[in-house]
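Shared between the two complexes below is chain A, which pairs with chain B and chain C, respectively.
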Partner chain A sequence: MSDFDEELQAEPNLKELISSETYKWIFVGGKGGVGKTTTSSSIAIQLATKNPNKNYLLISTDPAHNLSDAFGEKFGKDAKKVSGLNNLSCMEIDPSAALKDMNDMSVAKQGDAEKQGSLNDLLSGGNGGMLSELTGSIPGIDEALSFMEVLKHIKKQSVDDNEGSEFDTIIFDTAPTGHTLRFLQLPTTMSKLLDTFGGLTKSIGPMMNSFGGLGKGFDINAVNQQMEELKTNVEIIRDQFTDPSLTTFVCVCISEFLSLYETERLIQELNSYDMDVSNIVINQLLFADGDDECKRCIARWKMQKKYLGEIDDLYEFYHLVKMPLCAGEVRGLDNLKKFSEYLYNEFDPVTNKDLVFSLKHDF
Partner chain B sequence: MESSNILILLIALFIFQKLNNKYGIVTFIFTKFVNSNNAIHKKAAKLNAEYKTIKLEQDGISAQDQYGKWTKLNRKLDEIEKKKKTLKTELDAINKQNKENVQKYEKFLIKFPFMGLKMWYGKTLLLEFESIKSISKVLPYTLEQMCTVGITGLPLIFIKQAIAFIRNDSSKIAAAKPSTGVSFGILFYCLESVISELFTIFNSNVFSKVEFPHHALKEEFEKHDLD
Partner chain C sequence: MSDTSNMDAAAKKKMLLREKRKQQMQSKGAGSNRLQKIVGGANSLMTSDSVLDKPKPAPPVKNDTLDLFNQAGSPETGDIPNMFDLMKGMGGEDGGMPDMSQLMQQFTQNAGGIPGQESAAMVAPEVQKYHTDKLKQFKYRILFVKWFFVLLPYLYLLTHPENSLLGDFLNDKRNFLMIFSTLEVLSISLNFAFAKNLEQKTKFKEVPGGKWVSYLAYIPQGIVPFDLVKIVGTAMTWLGVVNGALVDFSFIVLVLVLLSYYHV
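And now, the complex of A and B:
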């Protein structure tokens, strides 16, 4: 290999990502069960430990949340600091709780007098209201709520531009591929939707105003203004998501056909959205060379090696991080810290063999 | 122009118009000879051929056994799909333009000449009744003339008669009063009506879709089921 080729070859670790000063959004995604939560938690821990002056937020957008399990402490819909790491906070987006909050807010705004209406009772009254029951089961509501969370942070950034926002980088522990792609499509979809809505309100707005609005408290101009604001924020998100210096996507997979197939699909889709993907974490590798006596491990490692060869060939300019399958579960801050070290310094199956059996199980 | 020539020309245009409506002759000629040189069509055809070759190669290997090769071929297919999508947008624009051009050519080659000839020579009599005694008393004069030259030819007769009357030229008044017969206009009006009627009868009786008798099948099924 020539010196030039060696220079082009990407390092097999996430050093570049962890040391980067510019990233605002880091997405971690892949097929279900490949170790997305472990990887995203490990990345967040590495970022927090290597950059102690910065604040990080790890958000789980997966409807089946695992962050609390991974860290061994309870996280909720509000950002909560991880015990033992002052500059890392975690949160799990809960669609039903967020919808209930929104519902409560709208009821409070409308006032007690209007609350008596039968339709309003039907929508907001009772056990959480029919509206929240209905909206909670809408497909894609998790993605929409995650997107709203992003919007909230964008708003904060624009308000606190001088002081800097609360978090420097936000890491997303995303849901399996399909959900994530839907989530990432949202800025474009919303932008189109808002354009259409803008056109509609421009044409029917004057007519509605002349009728005196649709009822008490409805002001078409205020709606227009809010829509414009939302559109601006959505466009900011779209620009930020497609800026490779601000946003990147870390693909997580295991060395098996279906996982690789889905990773390839994910990468192609992300490229079509103009999103940066330059890191792939390959989890659960057995490294059963040498004196390993487990026949099943040797056979499986042989299969994994075959696919690893294909990965090296297909993604030669990507940072391909190969992580081992540990004997125990990678849970709890200490274990995650230990494990995450090998995202920064590549794992060597010979010299770092201890990691596989050294994880504690007393969390 | 001789009446026989006008008749041949009108019949030729009439037949060509009907055939073109049915088989799209102008569109075929235009796409075959004008558009065959279109670079985008050639490019699309080349891409389709390339896609087929790669797809065949990809179908011939196992994705699991040769994942790398299979994925590389898949990427090539995606690339071609993307190019095809871009080409399709361009092709759609060209096809739209072609359709407009074809419509324009059809108008200038068939529709307008046919209409022009029909209007200009429409009142020219093709058949003339030498003796009008038997029919002259049946219909009023105006209706008789309408049957001869058509409804559009009527005002012209009266205008000509009015001008001759104002000029006090009795010979011209008599000349302006046409004899009774069948004009080109009336002939083609009748021809079109008869042909369209024939087409309707033919299409509705010969090419009409016969619904599958579901009820009969259901009865049959139930009968067998009971047995």
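And now, the complex of A and C:
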């Protein structure tokens, strides 16, 4: 291998990601059960501890939220600081609560107490909160609401340009692969839809305006303004998501066939969206060389090594971060802090083997 | 200085790595080759078709219709815009709103298309207008000829049975319904033949019953257990035929009333 090729080797850690000054959006995703939440929480903790002057937000877009469990404290739909870390907040998006919020906001805007009647009842309690349950179960609603959260932050950035957004970087703990890909397609899909809606409203708009005096509550000018704003924001998001200096996707996998296969498909899909992928975290490695007495571990490690070889070969120019399978669960801030160190400084199975058995178990 | 040069070196390395990753993915067949490598190594039955080997969809087309709408809905004007001036800017020289069904088709095509349907080529609004106008023109010409060159003289002669122009068969009032039905069938056949001929030229098929029937296509499949559009379309076609016959019959009644009133 030439000197140039040696220099061009990507380091097996996330130092570049964590030290970066430019990232605004970091997605962490992969197949189910590979350690996305652990990895996204660890990345968020490393970002927060290594950059104390910046603010970070970790959002879970997985309908089966795990963040509260990972940190050992309850998070909700509003960003809440993590106990023990002043510059890291977490958020778990709840579709029905978010929809109720939207309704409350729009009712407050209209300022008409009568209108709070039926829709509010439907969303909150009336008829058993039927609408809330119904809308909460629409496929893709979590992705749509996560996207709205992104829109909110984009809007804040453009409005408060001098002050900037409340958070410097937002980390997404994403749902398993399919949901995430749908979410990432939203900017392109919405952009196309808004373009076509523009055409529809062009033909309906003047007609609706001429009937403006007949119907109250429908202001075509306001709708047009909102659509323009939405279109602008969606295009900003699309541009930011495809800018490798602003957005990156961290793939998490384990060293097994299905996970490797899905990781490759995910990376190819992300490439087709022009999204940057430069980091891959390989979790749950056994490192059962040497004097390990467990025959099962040795056999499993042999299988993992086979796929590790393929990973090294396929992802030559990616930052491959190899993380161990610990004896205990990586839950709670202390355990996450210990674990997350080895995203920054690569884990050595010989010198760092204490990590495997050092995690606290008192939950 | 050394910090800056380190940063530059790091940034350069980052860019080079990105280029290398892009090269890996962009070469033809790279995606499926990589998947095949993974699948082959595990003796798996998973597919190695890659999304990277599919042609990239066209980027969203910038639509400046919103600009026109901006003019219409501008809050500064405060006035209801002149609808006719706006409509002049839309859909061709004569003005007129663009076809709603065409816009809805565009909507679904841009959003990914209606599931299960192949995307049809879009017919220009001018061609659609030409098609519709041509059909109407032919229909009204046939109607004019039918009323003033066939029915009117026939009815006049029928009320004057002493005439020698109509033969026994045509003079017989008992055969009127048969003759009228034959005339209707002929005119309908002529209309359909003309419409079919025109469809071949313009590649546009008018939905029977108007645009509203075409909106039924947007009801997701499975909600109704039959092809709703086809059934409603057929029903609307028959309704058109019946309507035409009723209009002709009304004309006949009117002529007979006038003939008897003026003792012609």
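Basically, the second predicted complex is superposed on the first by the 334 of 363 C-alpha atoms of A that agree within 3 Å, B and C clash if a C-alpha of one lies under 4 Å from a C-alpha of the other, contacts with A are read in each partner's own complex, and residues count from 1 in each chain.
Note that in this section a contact is a pair of C-beta atoms (placed from the backbone, for glycine too) under 8 Å apart; a residue touches a chain by one contact, two chains touch by 3 or more.
If you're wondering where the values come from, they're calculated on a predicted model, not measured in any experiment.
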* Record, for the superposition on chain A, whether partners chain B and chain C clash or fit. => clash
* Between chain B (first) and chain C (second), which, if any, makes contact with A:Leu314: first, second, both or neither? -> both
* Asked: Which of the two partners, first being chain B and second being chain C, lies in contact with A:Gln226: first, second, both, or neither?
  -> neither
* Asked: Taking the superposition as given, does A:Asn345 touch the first partner, chain B, the second, chain C, both, or neither?
  -> neither
* To do: Could you look at A:Glu264 and tell me whether it touches chain B, chain C, both or neither (first, second, both, neither)?
  => both
* Would you check which partner chain A:Ser83 touches, where first means chain B only, second means chain C only, and both and neither mean what they say? => neither
* **Which of chain B and chain C A:Pro244 touches, first, second, both or neither** => second
* Asked: Which partner reaches more residues of chain A, chain B or chain C?
  -> C
* To do: Answer with first, second, both or neither: which of chain B and chain C does A:Thr188 touch in the superposed model?
  => second
* Which of the stretches 79-87, 97-105, 115-123 or 187-195 of chain B runs into chain C once the two complexes are superposed on chain A? -> 79-87
* Which residues form the common part of the chain A surface touched by chain B and by chain C? -> 257, 260-261, 264, 268, 310, 314
* Structure fact -> In the complex, chain B touches chain A at residues 63-64, 67-68, 71-72, 74-75, 78
* Asked: Where on chain A does chain C make contact in their complex?
  -> 7-8, 10, 16, 188-189, 191-193, 195-203, 205-207, 209-210, 212, 220-221, 224-225, 227-228, 231, 244, 257, 260-261, 264-265, 267-269, 271-272, 276-278, 306, 310, 314, 316-318
* chain B-facing residues of chain A, complex -> 257, 260-261, 264, 268, 307, 309-310, 313-314
* Asked: Okay, in this complex, where on chain C does chain A touch?
  -> 10, 13-14, 16-18, 20-22, 24-25, 31, 34-35, 37-39, 41-42, 44, 46, 50-52, 56, 60-63, 65-66, 68-70, 72-75, 80-81, 83, 86-87, 90, 97-98, 100, 103-104, 106-107, 110-112
